[in-house]
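Below, subunit A partners subunit B and then partners subunit C, in two separate complexes.
What follows is the complex of A and B.
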């Protein structure tokens, strides 16, 4: 791990908007009418960097930029006897600035699915290799954040290439390099760099460590579920109020289910990966009508068992990073924290009905 | 933007060489397509009609025949969007194929054993690849006698007639038992459901492996029959069918517990199935 440094904010801003934007697609969080969304940096107004690093978590996780909602697989043209098919999967040199540590951790988890198993998804792997992640330490967690409970440190640079500490009272912007890729990227910008003394570096970490995250304390440290939990009565009880809207899965940084969809217009067409959700009633419905998860009970159970049991069995990890988006956005409050606390009560033999 | 060049969902384009009607009502067709790749019996491929979509289909040709003739065969039952579009296609048309996917029947582990194949309807498609492979390598793997039980709704619904009535019964040490749910004026064979037929034939479980494939209700009852006949869970092999999108364990569609049917299956022993949550 390298030392914490400071750079000049304006110098960095100029580099990112100038030379870096010519070499990379640079995405940064922006506030659009109260919603934080990642947008390509094109013609930014001065002062954008300071604004970007001070924003709260984005509506959609930053890591979705690597697995977009509609992701072309192939294009074709012609008729049934003379199709011409071309590869439409693409990757680009990408810089994502302003990634929160929870979303960065989510990418580490997705690596297990797409990059560590025997059938590697080369499209994902190549995108991952070509992406520079510039994280930002969390200055103001949302009341719904519980990443600490899920083992994420909201100041940790571990899952990013570079980390920004937008703390007040320092001369310049504090940065830390945490990978070779980050090091090379930083060197390529030729900034004036000032190394901070070790004590200041510790002060910075202490500052972030001290920022309270009350929900994490409530959640504690959840353990993985065993397969026995499949039969618990909780699933039938809690799923009644689910609307099957799928919001929870679309907002979740560790959800990755997709469908493969064809669209054609005359003799031309496109096949694409498109986000899908296990919360939708037809997700598993087969020709002939058989549906192994016919009711909300099986679908809600799938969502929580997948993250708390199946991924743990398969990849050794619980697939939740505590970003709090489902807690904030589920229209009926059927979210991770509620379910975790009910599960805890039920496993302790108590039953129960909510927070 | 640059092309990655290693897109796992990109199919190769194959030309249909021949289309065969398997059933009288025309709901099952076998497609013979040009070109082959290495695979093992039980493995599947994503077959696609451009502009309509993809579906997972077992490779019904045997690996030896495919390699020799440089073709792949798929028997497809018309049930929905993609399969209907496939049925519209004629020789000369092009389709997309990517694979092979999934595990295979563990035929290497059956040396010295009697083999009992039990199929229903289109479920014979994956078994056909395996049966032809086992017959071709019977000496090499020192298999014992081979018994095949196959049934369909009516005589006109029996698939692969050349093999079930012609080739297989002529092979050494190989017996074929056919049955139909409903006979017709020309049918002289057995009438009745597959599970009951197996019970009547009463194969002995000693040194035997039973491999079954068919509609879910048939599989369920066949498993019950085999249990009654004294087969242990690790002597019974079957396949699971779940909705699939990617075929490579990435799209999150086909999990049963922590297993992906497309990657860790579709072939499972009954002993393995009993370790999984009952959600298929």
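What follows is the complex of A and C.
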């Protein structure tokens, strides 16, 4: 969209920690006991920016900051019959620095769910408008990364407002603006900006293009599953080793399910949207006790049909960005790539097509 | 070669042959074991739980040093009652697995007659994080340097219950866990300092419940965490609810934890859950004089009141 520029790293660091932090809530990735997590920038030690942009992907996706695990909706107060209710939904001006391209793409997918013209989630849309996404190109992907296979470019600025290219050998920090919002945000920092010649910009792209991602080649480019796949006999076997924990869904940048939960503290209380997981046995359990997904077979099938079929039917997209978190963290190795392989073998054996 | 460190082909052959016999003779109707996951480029080898029902599938079975997950909880997924024969299951048990199974048997979740146990004396599993630093580049690595910390502190290498052993017993090394180094370090802190430690740990928790679901001591039919009425805890993740969840979990496995270390291994957020379990082990050891607080017994120290029990807080 626009040319690649460089800025002075220390100047940017000072601005972000100073003036920008007064105007925005600035979140950056930090390493906490080996787990990379996003934390609000409050009293950063000098050199934090360089550390933040060199970190590997966070355990929780950056985009979960827009759909927090406990997201207040309303407060209530009063006696058993006479309640006062007040709005508790909130959105702040937010800067998220260090967003990986996979997580940025996930937000584009979530836009289809929460910000579709026919189906608008006001709070989400407001947050989205008030958030500046500063991406960082992937210098050192994890072995479990396969974003390229899912159509995400690990260096593309498309889904962010600003993109940082933390590669070595450049004078200053390379940046690219990719939206009007990013342009305005950058201008507001009054940094000394140096435009890079087109050749350098191409060199940067070539550098990132050359970084291998072996798992992507293995995964190829998956096709969507057909609705008929619901009846595949293999789901029972695939699901056998599932632990029914919610790890995969909570770590997944494109999972967004929530339950509305009231917490009452005597005469006051809070209603919040709280993350929920289709892997939990009681996710769909109804009043009266009926459970439409009583066993692991139905639940695991739901997770993968949702990602590979239902979202494709509805939004034209497979809801996986290849971040690799489930591949790395599933305690029993029941992850996207494994299930994809099992389904491919099953479909190939049964003479079916797809995937 | 790291691959050679991880595998034991001879043991694997014995295992497959025996499982085939057991299935063919009808002695068991299924076998809970491990299979090697499809090899992915650049990714560590991994063995994952599998269920074998057909004798012709036994070639899938492996037993190596990346077979981490305990299999016993899968028994609870198998149907019971009626004419179901699914519960006549065979499975491999290492020392820790056998303690875990004893836990389920003692809690009346599994009966000893339902299961046929192929015991495997075990000298440790490999830690994925340690392995990832050396795999596959380093030509020579010592096994000790990549073993899981829990296994390094193990004092139950040999299964305590089994129907047959697939190989010779190994000598039991004295445990290093019983030194409770980290527990002592935490105990030495002031209450405020300790609160800060746990506040930082628990604030990372995402309540995915992987720790609970993998735990052999978490075997309740209805978990209190899923109870709506009374709703002891909700899905809200305020810090007080986080403490509540971890207290409930820790207290419910107090005196029942078999020290398999799975809760720590599966936690995606790297929370130091095992330290709470070890604190309870240390207390039980000191208060009730139990030589091995991990070993399930007929009467658990916290499961029965004894007039001689220490009760200085009452």
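Note that the second predicted complex is superposed on the first by the 346 of 355 C-alpha atoms of A that agree within 3 Å, B and C clash if a C-alpha of one lies under 4 Å from a C-alpha of the other, contacts with A are read in each partner's own complex, and residues count from 1 in each chain.
Everything that follows uses one rule, which is that a residue touches a chain if its C-beta (ideal position, glycine included) is under 8 Å from a C-beta of that chain, and two chains touch if they have at least 3 such contacts.
Everything quoted here is computed from the prediction, not taken from an experiment.
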item: Overlay on subunit A: subunit C relative to subunit B, clash or fit; value: fit
item: Subunit A-centred angle between subunit C and subunit B, computed on Cα centres after superposition, in steps of 10 °; value: 90
item: Partner chain(s) touched by A:288 [first = subunit B, second = subunit C, both, neither]; value: first
item: Which of subunit B and subunit C A:259 touches, first, second, both or neither; value: both
item: Subunit B versus subunit C as contact partner of A:314, first or second or both or neither; value: first
item: Which of subunit B and subunit C A:83 touches, first, second, both or neither; value: first
item: Which of subunit B and subunit C A:126 touches, first, second, both or neither; value: first
item: Touching partner for A:240 - first (subunit B), second (subunit C), both, neither; value: second
item: Least C-alpha distance (whole Å) that remains between subunit C and subunit B when both complexes are overlaid; value: 8
item: Those residues of subunit A which subunit B touches in one complex and subunit C touches in the other; value: 259, 261-263, 276
item: Complex contacts: residues of subunit B adjacent to subunit A; value: 1-11, 13, 48, 50-54, 79-80, 83, 89, 92-94, 96, 216, 241-243, 245-246, 248-253, 255, 257-258, 263, 277, 279-280
item: For the subunit C and subunit A complex, residues of the former touching the latter; value: 37-38, 40-44, 46, 48-51, 69, 73-74, 77, 132, 200, 204, 206-210, 212-214, 226, 234-238, 262, 265-266, 268-270
item: Contact footprint of subunit B on subunit A as seen in their complex; value: 73-74, 76, 80-83, 85, 87, 89-92, 113-114, 117, 119-123, 126, 227, 230, 256-264, 269, 271, 273, 276, 278, 283-288, 290, 292-293, 298, 302, 305-306, 309-311, 313-314
item: Footprint of subunit C on subunit A - complex, ascending; value: 32-35, 37, 59-60, 69-70, 143-144, 214-215, 217-218, 240-241, 243-247, 250-251, 259, 261-263, 270, 272, 274-277, 280-282, 296, 327, 329, 331-334, 337-338, 341
